[in-house]
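One structure is given here, and the rest of the page talks about it.
Note that the chains are named A, B, C and D in the order they appear, and that numbering of residues resets to 1 at the start of each chain.
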Amino acid sequence: MAKNTTVEEARAAIEQDFKQGYDLPVYVYKPWCKSCEICVAFCPKQVLEMGEDRKPRLARPRDCIRCRQCELRCPDLAIFVCEEKAK
Amino acid sequence: MAKNTTVEEARAAIEQDFKQGYDLPVYVYKPWCKSCEICVAFCPKQVLEMGEDRKPRLARPRDCIRCRQCELRCPDLAIFVCEEKAK
Amino acid sequence: MKIHPAYEMLRPDKNFPNVWCPGCGHGIVQGAIIRAVQKLGLDRDEMAMVSGIGCSSRMPVYCDFNSLHTAHGRAIAFATGVKLHNPKLHVIVITGDGDALAIGGNHFIHAARRNVEMTVVLMNNMIYGMTGGQYSPTTPIGKRASTAPYGTAERDFDPCSLAKAAGAVFAARGTVYNAAELEKLITQALAKKGFALVEAVSPCPTLYGRLNREGNAVKMMQWQKENTVNVKAAEKLPPEKVRGKIVTGVFHDAETPGYTEIYDRVIAKARGA
Amino acid sequence: MKIHPAYEMLRPDKNFPNVWCPGCGHGIVQGAIIRAVQKLGLDRDEMAMVSGIGCSSRMPVYCDFNSLHTAHGRAIAFATGVKLHNPKLHVIVITGDGDALAIGGNHFIHAARRNVEMTVVLMNNMIYGMTGGQYSPTTPIGKRASTAPYGTAERDFDPCSLAKAAGAVFAARGTVYNAAELEKLITQALAKKGFALVEAVSPCPTLYGRLNREGNAVKMMQWQKENTVNVKAAEKLPPEKVRGKIVTGVFHDAETPGYTEIYDRVIAKARGA
């Protein structure tokens, strides 16, 4: 299992990733993910797949319809759907 | 309140009374009666009245219809309706 | 027969009159239980009467059955043990509203859930009689008790609804005024193979009646007479005509295997049968 | 917002990931509670989250509310104290099937009877997870547990029926599969002024799933998806089409004054107002 982190550390790491140009619709905070695969199994558009690290990865990001089913069903609060970018 | 008696004593006393010629439709075993007046109040034929000793007495025995309401409602099992005499 | 028909089922060596206050309904319930047992032709030795603590719980002392007078609220737990040890016994639990539903509430709902075969006769006088008139889980909201001089702030349980929701196969209510109906309900309950509740509404003139200015035993019985409606009639009436009244009759009657029956199947499975 | 919306209501200094096993539904319930609180625009300081002992009862550790992690089965008793002391707080009780209905069964029915204003979120995983898979009062009859290798001999409670019969003003059931419906039910419950129960059916893949060969978390969620029927649809179906399914939705929604409201009236009366 991942090393323990606090909410503050999670925030900081996520902010850092976004600063470095993350712009996919769904964000996975891997240190909190326990690899249950619920998000992958119930994504209605097969946006997610399990990666080699046994964490979900965005295989088909353009198919995401932002339904938030992955976010609502993640038992670890480790995945969320990003807001659409203001253009 | 009446002196305490056992079921055996009650039986013996009642048997004795019957031997001595008791032949009314309703029998009150006074040592167990606590004078609550329920039997008097709910007799549909006003057969019973409270006596001077604050125990029920048969004021109008011939009116008894043997409905057993007094027996069913006595909280002290102190009153019962006798079987009709075989003639 | 020239002897009161109940006397053959009373303990010959116990002192009478019984311990209950003049006009207390509990003795009427005792009479109804004895007549129900006689009507079903059950032998005294087939009966086990188990009680907890409280006014009603004194009853097993007077009945000439196998009997067990246990700890406050725990009658149903002991009765479960009696039934599992000897499933042939007809187990009657004698309890009150405080004993069964306050301290004993969890035993009550869990025995109903497990459907342990027993008849629970719950004498509901809506107050703690033995200990001085404290309010109980069935004291109606607003009514006075020694611990509620301004009226209780708590709503009351409906023991029959609770038993049904918890899993009982039989739930019925009678009054001591209508002792014949009560006897019939207890007879039905004794014939069930599962957890069967009979709630017997039984006046406490000494405490409840006095604190709530409801008069003596006769007046409280008269109130029952005038304010009881049968469940079948109640279903056809608008709710405001039923409010504040005692609804009597059978509320729930189902057929589900009892706990000892299912437990026997587990034993058979474990033995590889 | 570039942060998970729930993070603002988590305790910043607590270690994550949370303590629950991979795929345990309890974290999904936590997410639904936080979204319900946010939807109602409630402040963290207006919330009090009270729990007992068990897997689900770890939740208050992670939520940045006023919180109280108490003794086994006693969350509702402590929550009653919290609410009476400060009626302005929105009190959420976090409990499991063992905590709420076995050791805590009496607190459960009595708080419902008194209609103490609180939202009880009962995570029902049908087993004792933390202590090794013992059967609980909601393990369905015949299912396996570490203490029932041949299947349980006991029937299960329906927590919603029990709460309603005991006096609750709101009783609803949701699943973690349908997390959106669950969130809606919790939002409704939080808005009630009385005892409100939301039963959240939450899989335990580690113990219940393994012992009953129901597969991993995904398979258990898939089962929920395929075997859930809404109460309104269920009412129109023949019983055999509903048997063995999870019925979700609002079972009971009533308006009755809550306990603190009635208690205030007693205080006013005592003061001669």
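Operating definition for what follows: contacts are C-beta pairs under 8 Å (C-beta built on N, C-alpha and C of every residue); 3 or more make two chains touch, one makes a residue touch a chain.
Please read these numbers as outputs of a predicted model, since none were measured by experiment.
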Check: Without subunit C in the mix, what are the joined groups of chains?
Finding: A, D | B
Next item on the list: Would you mind pulling out the distance in Å between where the CA atoms of subunit A average out and where those of subunit C do?
Entry: 59
Notebook entry, point to check: Once you find the CA centre of subunit A and the CA centre of subunit D, what distance in Å lies between them?
Noted result: 27
Notebook entry, point to check: Hey, how far is the Cα centre of subunit A from the one of subunit B, in Å?
Noted result: 86
Next item on the list: Could you classify the connectivity of these chains, where an edge means two chains touch, as line, ring, star, complete or other?
Entry: line
Note to self: Could you list, by residue number, the parts of subunit C that touch subunit D in their complex?
What the structure shows: 102, 105-106, 109-110, 113-115, 137, 141, 150-151, 153-158, 161-162, 164-167, 256, 259, 262-263, 265-266, 269-270
Notebook entry, point to check: What part of subunit B is in contact with subunit C in the complex they form?
Noted result: 1-2, 4-8, 10-11, 14-15, 18, 27, 29, 31-38, 41-42, 71-80, 82-83
Checklist line | Touch list for subunit C against partner subunit B, complex | finding: 1-7, 10-18, 20-28, 30-32, 176-177, 179-180, 183, 216-218, 221-222, 225
